[in-house]
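Each structure below is given as structure tokens.
In what comes next, subunit A is part of two complexes: it sits with subunit B in the first one and with subunit C in the second one.
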Partner chain A sequence: MKKETRANLIKQGAIWAFIVVELAFFSIAGEFLSVTETAFMDFDNMLLLLKQSAPIGIIALGMTIIMINGNIDLSVGATFALAAIVLLDSMTWPFMAAIGDWAIPLAWGFALLTGVVLGAINGLIVWKTGVDAFIVTLGSMLGYRGLVFMYNGEQPTSHLNWTLVDFAEAQFLGLHTATWFLLGAALLLWLLMTKTVHGRNAYAIGNNREAAVNAGIRVGPHFLWNFMLIGFLAALSAVVFYSESGSVNPNDGMLYELWAITAVVLGGTKLSGGYGSIISTLGGVIAIQLLRKGLGHIGADTETVNLVIGLILIAVLFLDRQLNRKGREELKT
Partner chain B sequence: MAELTKKGVAGFLARQGILVAFVVFMIVFAIANPRFIDIDNIFGVIRSSAILGVMALGVTFVVIGGNLDLSVGSMMSFSTIVVLDLHDKIGPTLGIPVMFAMTMALGAFIGFLVGYLKLNSLIVTLGMLSAIHGLTLTYSGGKNMDIADKEGTWFGIFGQGSIAGVPVPIIMFALLAIVLSIILSRTPFGRKVYAVGGNGIAATFSGIPRARIVFMTYLMSSFCVATAGLIQASRSLGSQNTVGQGMELEVLAAVILGGASLLGGAGTIFKTVIGVLILGFIQNGLLLMGLAFYAQYVVTWIIIILAVWLDIAAKRGRLWSPIA
Partner chain C sequence: MTDQTPALRLEGIVKTFPGVRALDGVSFAVMPGEVHALMGENGAGKSTLMKVLGGIHQPNEGQIFIAEEPTVMTSPIEAKSKGVVFIHQELSLADELTVAENIFLGELPRKSFGRVDWKTLYDQTNAILKTLNVGFDARTRVGDLSIANQQMVEIARALTVDPRAVIFDEPTASLTDAEKVVLFEVIADLQSRGVGVIYISHRMEEIFKITDRISVLRDGQYRGTLNTAETNEEEVTQLMIGRTLDLSRSESTHQMGDVALEVRNLSCGDLFEDVSFTVRKGEVVGFYGLVGAGRTEIAETLFGLRDPSSGTIMLDGEEVRINSPADAIKRGISLVPEDRKAQGLILGMNCRDNMTLPQVDDMTAGPFVSDGAEVAIFDQYRDKLDIRTPGWRQLVGNLSGGNQQKIVIGKWLSMHPEVLIVDEPTRGIDVGSKSEIHNLIRELAAQGYAVIVISSEMPEVLHVSDRIVAMFNGRVMREFTAEEVTEDSLIQAISGLETDKVA
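Right, the complex of A and B next:
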């Protein structure tokens, strides 16, 4: 038992150790290779890094819960784009223009509602038809993207509201608005997964669905709630990001699902379900963003980022399996 | 007796439902717009589906073997960029085999990771999607690749040429489909692919080298990707770095639509071809009916879900899932 908790600690600590290694490496390498004068560990640079992690990060938090459940959601990128369009377009509707700044919370509400509805569609299909979530969300990824294009063709949807931009660019206690949303969402979801019945059930279902059913957990509605949750989070991510940028292209959010899954897997969550943690996913998100910024800092081409992240993902998978196998052999002896 | 017939009809629909759906679609579209069954239109649709189709043939092997391949899109970009670059550097006669070798080396690497190291194929190919994209960008320096002398090369034949009135991409797609179909259904190797995907542990116990079979499926997939890259490069004689981006999921959609199970062990080349053609003809048919281009995505979504749902429902004998 004691051994197991220690192994768990090592696993949960691994991603943070990786972050420390990254910080050290880029700081030292940056001294020699960097083209700019500023240090990598610059405080403002780190704050910016957190802010830039927010869009993928908020989605990855939701993906963690979905994957703990043993499901997957490939449609989050398209949900992100559709919510963004609803956010920006709804502010130009005539009755919205008439109510002044009250349009902002209403537009946020419309966008978030869009996300929840799209998530609910996925969840209902998974629940009622019994088709694997991978196929269901693969289909809706195409379908939702189709809706995005049907909304406004290939034209970008733009609307700048300066009150909204001011809010999105604000800094409170040093942290940007987007960072606050990322940290707030992480805190709430951490509480949800560790302190509530819903969280415990999520682990139970991912671990052994049949046993969970026998224990009286209603699996279907549970799935539905989680898909609504990730839809909400994908929309929240869009709301936070596009409040500032004010313009969305129909291709925005493409491949976000893959980035989010990468962050979640880096954080140690199992694809097969039943294991994972919100905090480690936060670590995975930060690690990826650090890598992006760090490689840029030491003057590497941006294209190498993809190469490095892909190889690291495979290496993590390999290491994880080796560690697990070692653990099992220790248990046997 | 009546029950038997009913069972027979239901069984037939469950087995060949996708074919029936395809025929129904074709008839409806043909009635709605006679231009739909015009021979030029049909050739046009198959020709533009050929690249997706060739990739889907290879992925069918991987999926029947019980694995996934999300890297085919970025691998296709890679082979397109490489063959265009080599065309000007060492000439097409030498460049094409070198490109095939490079692409299949990537396939062999994935096959090694998934087959011999037994790593999860979803994550490995997800990682490779990103890594190969990075490789392509590094190779090209992020610039578009173009053939310098577009007039004076015979390289365009794979994408633009035609033999006896039939476009070459269609001939390549058909030939590859026939050869791969024979390999899958008539050879010991093909049977082993089904065995490994159907029940890997049982296959291992009956002496089938599971790792090698999985390795081979990825090698075949990368061969198909290289062929698709060749057609793509030859068709446009120039390319962006992201030409195959997002195709991995469309390819997978076609394979699933054809009835291959994601759990492995089920599916045929013929059904995958039907899946590819359905996607192509729906897109074309909706366009001819005057629907917005992007409406096809929504229709594809509905069709994929319905196809897989009805397939599962027929197998379990109940429409709605037993999930509590």
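Right, the complex of A and C next:
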């Protein structure tokens, strides 16, 4: 019993220990190899890191819930791009231009609504057809990306609203707007998953769907809500990012689904469902961003960074498997 | 027999896991040509002992001897090469491959350049199959065989080496009576070749039919070996559980109330047809029949997991339609399913959350689930049902079968249902907890619950029921009251021998 709690703590804490190791490694390695003068652990650098974690981070939080449910959503990258286009393009519509800065909340609303609708489409198909979420969202990933290209062809969609940019670049209590959104979303979703009926049911369904049905939980509507939630979060991520950048390319957001899944898995959430934590995913997101920044700091190029992250992901899962295997009577295969 | 060297001998085997002494000095010996039963309740250490024997676990202390040679087993493959072969309850065969390929899996005879020597393969296989006297040949696809014949393939696989000891783990679990006879013939044949057979089973009548000696384990300790010819079921049971078990018919002492559930002419495709019965408040109605008689399917229909094709369901005299389990629960019908782990529990969740799962919706304070209300419910039913767990945080997967079943029952009781359906209440539960569950069911009836018990164990049905519905092939054959039922008439009814139906 005690041991179990301890083992759980170790599992939950592992990702944070990994982050500490990363920080120590890059700080020390940075002393010898750095291409810049500033220290890696520089405060501003760390704040920037959190801000840069936000776009994929917010999506990864939603992905955690989807994966605890035993599903997966591959369409979030395309949803992200489409929501971004709606955000920027809607502000150029004549009636929007006429209402001044009131266009901003309205544009946000349009973008978020887009995400919710796209998510609802995924959820409805998964619920009503019973087709595996992997297949459904693989299809919608292609479909939604198609919509992105139909909107403006190969051309980028751009619109800069300076009020919006100011808001996005603002810092409150030292943290950037994007960081606040990331942390706020993490807090709310953590409460959702640990304290509410919806969260309880999500774990139950992911762990044993049949038993959940037998306990009177309505699985289909539950899935629908979660797909709407991740659609909303993908759109929120787009809103936060493009408020600042003001220009979206039709290829933006590609592979975001895979980065999000990587962060979720690094955080210890199981692909098979029923187990995982929002806070650990936040750790996974930060760990990946640290790796990227850290390797950049000591002069590695993007290709090397991806290679290292890939290797670490496999190594972590292997380690996890070994730790879990110990004590349990698993057959040698 | 005593002057022979044992085929296999274990001496002082100790195996500990963190916090548990799973095996505590187990010693016993199997003679060549002997069928030796190994018995014990669930959790007595039988499977651990077999894993030690198969090289999956290493013992902390003690020694394995094969023909009095001290031996260390490091893997199932090594065990096999030393002549110790396992026939597992769950078959591990590749459905798409032929019988021959399965038997020689991993050691197919080869020609040059790694080509398979098909001729030798089929010849050798057919030679082995001939000794087993089976009705299929080496080229048959395994997936096309019956379970019993697949088991024969497993046995044939064991015979590719010259076995000294063959261990059967619950081999008759999914066999028909006719198939059992064939299996026992094969075991007798192994016996006559001088192979030592270890036979693990819970079924007393088999044990007494085919074994020479019986060794009993309890709580990881060796409790003694009896000569089968000189003992009886009671003595063995007593050795297994340390006390005698009362399975006599229970008398109802309480008054029954109104009809809680009435089912009229209910049918569901060809699963069951024209089923009618009633359950009163305070009554236990037992459903007895063979596997496939349609009992579980009726329960699933009442619980909203299947749509009936015709017929009516009435609760408290009012006709209802039940479209989903959520619906059924709202109307006060609860189901304790047949397969606890797959259908009844969220194994990765703790005890409390499992118990409150269906009603957690009503236990909120603001947007959040109220911790206090949940713990209160858990504590109440832990005490009421005597659930033994270190605390509510314990994962349900770590509890014993009996305590897991109590969690499932507590889950529904805490919602005060009208009708409680219990499908196979004591499957996979050790003998001690069985009688606890039985008493609990009687007690629930006394408290006024309408209870349906579905069981494949006749003593259980006879023990707990006020009335028994006998089913055969999707139809109700006959209804018995507890006073009039006899074992013979019940067996007749569920075999379809008796056709006069009592509506």
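Criterion: the second predicted complex is superposed on the first by the 327 of 333 C-alpha atoms of A that agree within 3 Å, B and C clash if a C-alpha of one lies under 4 Å from a C-alpha of the other, contacts with A are read in each partner's own complex, and residues count from 1 in each chain.
What we mean here is this: a contact is a pair of C-beta atoms (placed from the backbone, for glycine too) under 8 Å apart; a residue touches a chain by one contact, two chains touch by 3 or more.
Predicted model, so just to flag it, every value in this text is computed and none were measured.
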Problem set entry | Which superposed partner A:200 touches (first subunit B, second subunit C, both, neither) | second
For this session: Please indicate which partner A:210 is in contact with in the superposed arrangement: first for subunit B, second for subunit C, both, or neither.
Result: second
Problem set entry | Of subunit C and subunit B, partner touching more subunit A residues | B
Exercise. Counting only touches as set out at the top, which of subunit B and subunit C does A:218 meet: first, second, both, neither?
Worked result: both
For this session: Would you sort A:296 into first (subunit B), second (subunit C), both or neither based on which partner it touches?
Result: neither
Exercise. Of the partners subunit B and subunit C, which touch A:156 in the superposed model: first, second, both, neither?
Worked result: neither
Exercise. For A:261, is the partner it touches subunit B (first), subunit C (second), both, or none of the two (neither)?
Worked result: first
Seminar exercise, completed: Overlap of subunit B and subunit C contacts on subunit A, residues 213, 218
Problem set entry | subunit A to subunit B touching residues, read off their complex | 74, 125, 127-132, 134-136, 138-147, 149-150, 213, 218-220, 223, 254-255, 258, 261-262, 265, 271, 301, 303-314, 317-318, 321
Exercise. What residues of subunit C sit close enough to touch subunit A in their complex?
Worked result: 17-19, 51, 56-57, 75, 303, 305, 324-326, 328-330, 335, 337, 342-349, 353, 357-358, 360-361, 364, 367-369, 390-391, 393-395, 398, 411
For this session: State the interface residues of subunit A toward subunit C in the complex, per the touch definition above.
Result: 1, 3-5, 191, 195-197, 200-201, 203-204, 207-208, 210-218, 274-275, 327, 329, 331-332
Exercise. Where on subunit B is subunit A touching in the complex?
Worked result: 70, 113, 117-120, 122-124, 126-135, 137-138, 142, 245-246, 249-250, 252-253, 256, 262, 292-298, 300-302, 304-305, 308-309, 312-313, 316, 320-324
